[in-house]
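In the two complexes below, subunit A is the common chain; its partner is subunit B in one and subunit C in the other.
The block that comes next holds the complex of A and B.
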């Protein structure tokens, strides 16, 4: 075109420099902390020490487990819901889709807070349990892995549904009925038609939900507390309770590596398809 | 699949997604002192109370300030960047794109800690300024992305025509490009506003005594007091977000841009 490159660079540089200086540099320094000893020599001792502690190991595997569980469950519900949504008539489809997106605009604090009302000692679930005589005293539902799982699932399910709906909208309308007429079971329809044609949407949704669950702070903080620590809440404790910046840096690195590998895997799978 | 099955599945899914929220709205209407559902009698006293809590008012003002001006600052540097990346053949365009998008991928809590330790403390930056800078950085990727996609839909020949017909380059931008991407800019502003207003992890370490964003203030209030005011406040904030997005959708078809 008729525009010069230096002009373009001048327009793009403020944003790039800003992010680089106030964001990438501090994050880079933070990540390097765990690779250095007190004397400044490079070493992996910070990582060795971190994983030597059983609590840290437990939190690491719990975070990984919850991330996978939440993403897997979201995929199952997401497929059911997305299939229903794309088969709705156009007007109700828009409305239902709007209701699915709606929670994303609401503060995660508010959304997580709801589960305290539901799962707390005097919450609805316990009222029902005690009312039905299933237990004489309220049982502890909050501050359990189940509570964190439910909270995370509710927080991130919309992202999965959105990804799967847009993937399914690209499947030609007659394909599924055609397969059914020709004798395919629903099982075959899903694994041989729907799944291969929506793989990309599943990968995108899965990455969003998985990384979202790994890096959520509010949900494990409110619903898990110090009883059910995840990496994010553990990092907060390491800094604010024990002043252990090396461990904080190790956790930061673990989280970033997990998120980046999930994103890389996404890019690879998505580009192989095209 | 039958009609009934479809509505059953959607009913259960939507109840799971939205039901808890309706419960919060009602829990906030309690006439009693403790958080419970069903509420002990109905009243709006907790909805009224949140307006009188001094810390909520202060943190609401701070959150509003950050959401509005942080997003405006992000647009101020983000629009030129999006324009340059779209219209110019810049060396290192891919690198610039990656740098600007990075804050989305890095978990917020790490951003907060890194900025606290290696930006705020060594340079002795005021808390409000630190929060402002952080929110600007977090919103910038969204601003660039949304404005970019709106620029993609605008053909470059229109600006060329304007320049050939005698406009200066700046005039071509302000008279031709800007009016055409107005919707995208507004959509970017709303998305940035909501993102910044709801942000917690990055602001966590940066919030000091007396200087807190509203969601963080709610979190610490919850730890101390167990009354329904946080439920009422949650409901009010949800109404605010939903209203903003609803109006935006009606006015400009917000969802096209996001």
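The block that comes next holds the complex of A and C.
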């Protein structure tokens, strides 16, 4: 723009150095442990040992499953909410969008503890279930995969909605009505117009929600406990309970690979032309 | 400043820092009740010895890792830790044996606290009983076996195997099933068979107190040190007296090897074990006393693991058994219980 290349580099240098020294170097050192044996020799044995444990396999697939489920459900709800928001009058749109963003300003700890009150044996959900006679006794909702799924979805849904609203605002306003006038069903409108035109937003939202769900610690720890371990809670256990930094580094590496893979996969899907 | 004066100032500064270093003791302690400990122990000790205490806190794993990582040049001079964690450090050669002659309160300690690990590698400073806290309006507890019974299915929590309470619960469930605490394989399998009946496996007593106050759980094993959390609740919690008795454990004081600060560390240990401090700590409901001369009111005693009769009746799991079997227990637990 107004800067020469050298001026731009000079301006970026402090931030780049800071990131390199206090983030990339420590993370690199930490993750290098994942490729070393106890004697310091380079090896992939940590990964072999990790996946040889049935519990670790189960935790890995549970984390992957919940990540996909949360991202998928957030996409479905997000598209409905985003479509509704972009078609509102400007003043209402601002208010509703503000409500969507509001939860992001509240600590995840507070938001997650609220779910304990809602999903507990004496919580609102069980009051309704027992009150309607659907069950004679309160049912177990906390410390289940369902509780973790609900908590993660509530935590990350705003990120999907924000991404999709931004993408949908770029669709010319006449396109959908034109398609409808020409006889397209809502199914066709979504899959042949809205989805292709908002795929960048879906990639960004999907990546944010999937990686967020994969790497969240507080929500699985509080709502799932030790019976619904996910990779993040397992990682914490490895560090703080077992003092097993090799396994913890292996888990961290697996999480990083999963996050990058998800982003690449979503980009690949989005790049496929209809 | 002239050159001689500069040298003098430098010398004075070095001497001052050397004096300050001699008067500083670094200790590693559990994180809980630090404000109460400051009032009951740290501040009076600093005033008495004219020295400075540096307090390092954290969970056992972090604290043990720090002692091990700095073995060549110890940062921690003295630590308080569970007896089995102390044994683990002693086995690695990270501790030095204590000299009972340097602890004037040594003979006042309960015999079980005087040399719990052998070789004077540690000295006990507090006992804790472990039993079952339960809702007396909803259920009655007669035996540790009730934890896995139909009456508590879906309403019970057990401690995680990785914490201090986990092995104690295994020992008492084993005893209830007629075992002799030599092999917990069958007990872990039994817990695995009832895993769906257990709400969750808690890691911290504060977590359990929250679950029980929210009525998610109506019975669970816990250490007596956490009883005040339940006693102050509006819900009717009771402390069980099961047929098999109560489990028990002990926390100990240890001295790191070659720390060079032994004299001050002994001073703190002796002060901590004195009747005066042990009484103050007990009355503040921080830790139960290991000093036999401590006398507290019935009201205070109610909240503690107090008195020779109770302490001598505790079922204490040998620290060496825990160290030798912990990895195997965790492996079996992860396979059969957490699944």
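Assorted remarks:
The working rule: the second predicted complex is superposed on the first by the 242 of 274 C-alpha atoms of A that agree within 3 Å, B and C clash if a C-alpha of one lies under 4 Å from a C-alpha of the other, contacts with A are read in each partner's own complex, and residues count from 1 in each chain.
Basically, contacts are C-beta pairs under 8 Å (C-beta built on N, C-alpha and C of every residue); 3 or more make two chains touch, one makes a residue touch a chain.
What you are looking at is a predicted structure, and each value in this text was computed from that prediction instead of being measured.
In the superposition on chain A, A:111 contacts subunit B only, with no contact to subunit C.
Contact with subunit C, but none with subunit B, is seen for A:229 once the two complexes are overlaid on the shared chain.
When both complexes are overlaid on chain A, the residue A:255 reaches subunit B alone and has no touch with subunit C. Of the two partner chains placed by superposition, A:264 touches none, neither subunit B nor subunit C. Once chain A of one complex is fitted onto chain A of the other, the partner contacts of A:87 are limited to subunit B, with no touch recorded for subunit C. When the two structures are aligned on the shared chain, A:215 is found in touch with subunit B, with no touch to subunit C.
Looking at the superposition, the partner that touches the larger set of subunit A residues, subunit B or subunit C, turns out to be B.
Of the two partner chains placed by superposition, only subunit B is touched by A:8; subunit C is not. With both structures placed on the common chain, the touch criterion links A:44 to neither subunit B nor subunit C.
Once chain A of one complex is fitted onto chain A of the other, the partner contacts of A:122 extend to both subunit B and subunit C.
Where the contact sets of subunit A with subunit B and with subunit C meet, they give residues 116-117, 120, 122. Considering their complex, residues 59, 61-62, 64-65, 154, 160, 162, 195, 198-203, 214-216, 330, 334-335, 338-339 of subunit C touch subunit A. Residues of subunit B touching subunit A in their complex: 1, 5-7, 9-10, 13-14, 16-18, 20-21, 23-24, 27, 34-37, 77-78, 80-81, 83-85, 87-91, 93, 95-96, 99-100, 102-103, 105-111, 113-115, 117-119, 133-134, 136-137, 140, 144, 156, 160, 163, 169, 194, 197-198, 200-201, 204-205, 215, 218-219, 222, 230-231, 233-235, 237-238, 241-242, 244-245, 255. The part of subunit A that touches subunit B in the complex is made up of residues 1-5, 7-12, 14-16, 18-20, 22-27, 29-30, 77, 80-81, 83-85, 87-88, 96, 99-103, 105-111, 113-118, 120, 122-124, 154, 157-158, 161, 211, 214-215, 217-218, 221-222, 232, 235-236, 239, 245, 248, 252, 255-256, 259-260, 263. Against subunit C, in their complex, subunit A makes its touches with residues 53-55, 58, 116-117, 120-122, 140, 142-143, 225-227, 229, 237, 240-243.
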